[in-house]
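Next come the structures, one after another.
The same subunit A turns up in both complexes below, where it pairs with subunit B and then with subunit C.
Up next is the complex of A and B:
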């Protein structure tokens, strides 16, 4: 990881997107309040707060879930990925306000503990359309809380990238819970073709994006290269790789990034140690492979982050035979130095 | 992402693609999208209700005068219990009441007055 890169690129982006997130949220809320009170002057503030923040949270959740596949389908969306976590934390805050107001409004006026009341005021757990939908919202909020509070890199390092990723895949469960929360809750009380159709279209969009991206990726994963007599895989002619950029190549279902820089070629594992970003979609900045997601850096010849950082990725041996680049499919342990080969 | 994670993501989304629309459909299949909140029958009482098991249906026929009307359960001793929800205008509402509830109160939330007291 490089301090300079982080400071220059990543911080300016970060601030600009943060401003965009906050102003987007404020504009939405102001519009929601204005329209609600204009169209229904009798409506009470609490109801509008519950609805404004609930709908804001679900819209943000859709945006967050669309970012991943969009970046895999088109790298133009990469800058948005920098701030997905901030978007996630802001979405959690909106959902929290919605949940707190709903609990106060619907449960705090009785004579039992509001959380207890949330679980017991409707006990029709066996029914579908009468299901206690607020419980679904509660569990979704709980998941979002765990994700928001572990979103900092501190937890990423302490939980290991794998556990963290697994934890954050719970967002899909939260999404399903929220959809059911709305279908079994708000839609039962106030039937509207418009909102039902909107959420259905949201589902359709997310599912299409994710499945198109997933099938595109699994095609790449299944790629089987031609091999030479020693079992090395044939990649491409060296001219095909752009200077300071990489070609991403699949060996045995894993992806490798083959970088060209200063007349040399080096190959490292394609997966960033930070959050699994695709290193081969980044470029060489100041002699280091720079992850396109958040700017972690690695030296191309040994896969190590320049000191004081300690991240390491696997490296691979390359050679040129009859004008073709070949790669040894057997990876070297993380951080093993491999002399770069000449690209000509 | 490593190949295993990509696979996990793929299967999760196939799951969401198959299961969620099924649940969405089941949730809305019995809803009436045409006549929601359009009932114009103006009875004498502003609200009428029907009770089946633990499910209480309240029909608001003429708009209520209070801006915020809250529905409460009535305990067997006649005291006000859990809040069930809110009536916002004409339309039909459905609430789930706790077993042993004797009736309901409809309260004006702002003036804090009792509007109706209905015993089952």
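Up next is the complex of A and C:
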């Protein structure tokens, strides 16, 4: 959490995370270059650079896209999510080196502008196998650039979490463009079954992880609460909620987290104001609901971040009848204090 | 069953033992993915050919200049033995921008003895010379050059490439990935060349012209970098062949190029 903007709020974990990113990238590049020049001695450096950075960016993109569903399936993966934006920016830099070298190599030093050439030097837009695959890569790189350049809390706050999240969901469009770029480009000429199978396996893994995670989450949304005469939703007995933790329920299409702490119960909106993290998967730490994604905190009884922070989420009224917790589906405005109820 | 009480907060130092264990496993799996990826993508690349571009290592070449059909230099190697060197310009361009000054001063260059300092490109017995400075082209006399000899009409299958990249500047300098670059080179004045394979798997190279023997550039762009069938009058000029074609009669073939 921060009140002002810095390039990076460094801490031990972020430093360790970045060291691992750089080490992984260096290991990949060194091995790719070594194998390329040993097994293909006539190859030229420009080709190896384009291929090394392009393939590295694709592998990194797969890892990045796997992190989200992995954390939804097992919260112990959360440290990997914590600094994912640095991984994203590193992946963009690898893709950028691939793109710049490819544009210089194939499109520069001609009698037309290299970017104009990228769109016009192959006009077979109506053909699948002859399609100008470079255009797909260019648009993917453009999306990754927008994402990388807004991967900072300054943009997150100024664009609003919702807009920022929508913008960053475009990574899936970028992924689709990248896959098409490779299958309609490199794989049309470099037709090894092993490289094709590797990328197919990556795609399959990502699709499976997303489907399994979505199925797990859909259980929460499928929950249909009984309503009492006043329209309150009957959710669960208080014993079902662990101390300092929450249970998530969907009421009126909104996910709400009911927290138990110090013998009390409070309900707040499940979506963190920072990046939309699931507050209900967080924990009460130092008396505050703590978001599992980046540690943003809210007081459970009023949904307000502790001063001097200013984030606020909606709150909900709870009551216990005949040993069951009931929630009023009508949310109070963000930051409204609601007295907690006793959990016993 | 009570769930583990471990809870990770990025800005706090402590990490629970279960989380640490899983993270270690994740890191090792990621390293394994990176190693496997580098091995697969690095190893399974088509082998590059031993073509050469003497970049940064200029050579002075003397011979008789002629334009039949593209700017070339007939260079004597021994008595009655010559090499036809195709002339090219810097980057994705033909030689004409670098010969313009000389033409303005000396007129028609056909039959002139030229000495050019440029960078050689060579592969499979064919040589090309890149001129990157018009000041490095000098006239030193006159000489004779041969006219192409007719070899009849032929129909051939192959791929149209730009010879600058194919014979050494780029690897690979053919196919779909390189198609845009080949289009720019040919548009810039590099002669289009058809590469075919004979029955003995030997590559044969045809400089392509229109049916009247004039250079073609723009019109052939849609056919570059893909398997095609061409029919035309074939002529021989030293180690090169020339094919005079009607571009509109080129037939695109839906199959993998035989030159790969």
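In this section, the second predicted complex is superposed on the first by the 333 of 344 C-alpha atoms of A that agree within 3 Å, B and C clash if a C-alpha of one lies under 4 Å from a C-alpha of the other, contacts with A are read in each partner's own complex, and residues count from 1 in each chain.
One rule holds for everything that comes next: a contact is a pair of C-beta atoms (placed from the backbone, for glycine too) under 8 Å apart; a residue touches a chain by one contact, two chains touch by 3 or more.
Keep in mind that what you see is a predicted model, and the values were worked out from it rather than measured.
*Asks:* Just from the overlay, do subunit B and subunit C fit on subunit A, or is there a clash?
*Replies:* Result for subunit B and subunit C: clash.
*Asks:* With the two structures laid over each other on chain A, which partner does A:223 touch: subunit B (first), subunit C (second), both, or neither?
*Replies:* Neither subunit B nor subunit C is touched by A:223.
*Asks:* State whether A:190 touches subunit B only (first), subunit C only (second), both chains, or neither.
*Replies:* After superposing on A, A:190 lies in contact with both subunit B and subunit C.
*Asks:* Regarding the shared-chain residue A:106, is it in contact with subunit B (first), subunit C (second), both, or neither?
*Replies:* both
*Asks:* Using the superposition on chain A described above, determine whether A:276 touches subunit B (first), subunit C (second), both, or neither.
*Replies:* The answer is first: A:276 touches subunit B but not subunit C.
*Asks:* When the two structures are overlaid on chain A, which partner does A:116 contact: first (subunit B), second (subunit C), both, or neither?
*Replies:* A:116: touches no partner chain.
*Asks:* Who does A:176 touch here: subunit B (first), subunit C (second), both, or neither?
*Replies:* In the superposed model, A:176 contacts subunit B only, not subunit C.
*Asks:* In the superposed model, does subunit B or subunit C contact more residues of subunit A?
*Replies:* Answer, by number of touched residues of subunit A: C.
*Asks:* So, does A:28 touch the first partner subunit B, the second partner subunit C, both, or neither?
*Replies:* So A:28 only meets subunit C here.
*Asks:* Mind working out whether A:42 is in touch with subunit B, subunit C, both or neither, as first, second, both or neither?
*Replies:* Both partners, subunit B and subunit C.
*Asks:* State which residues of subunit A lie in both footprints, the one left by subunit B and the one left by subunit C.
*Replies:* In subunit A, positions 42-44, 47, 106-107, 109-112, 117, 121-124, 129-130, 188-192 sit in both the subunit B and subunit C interfaces.
*Asks:* Help me check something: in the complex, which residues belonging to subunit B touch subunit A?
*Replies:* 1-3, 5-10, 12-14, 16-17, 19-21, 23-24, 26-28, 30-33, 36-37, 54-55, 67-68, 70, 72, 81-86, 88-89, 91, 93-94, 96, 98, 109-110
*Asks:* In their shared complex, at which residues does subunit A touch subunit C?
*Replies:* Checking each residue of subunit A against subunit C gives 1, 9, 11-14, 20, 24, 27-29, 31-36, 39-40, 42-44, 46-47, 51-52, 55-56, 59, 63, 74-80, 82-83, 105-112, 117-118, 121-124, 129-130, 132-134, 185-186, 188-192, 194-195, 198, 242, 245, 282-283, 285, 290, 292, 294-295.
*Asks:* In the complex of these two chains, what residues of subunit C are touching subunit A?
*Replies:* Per the touch definition, subunit C meets subunit A at residues 2-3, 6-13, 15-16, 18-19, 22-23, 26-27, 30-31, 33-51, 90-93, 170-172, 175-181, 183-185, 187-188, 222, 226, 254, 256, 260.
*Asks:* Which part of subunit A faces subunit B closely enough to touch in the complex?
*Replies:* 42-44, 47, 106-107, 109-112, 117, 120-124, 128-130, 165, 169, 172, 175-176, 179-180, 183-184, 187-193, 196, 199-200, 203, 206-207, 210-211, 214-215, 217-218, 221, 253-255, 271, 276
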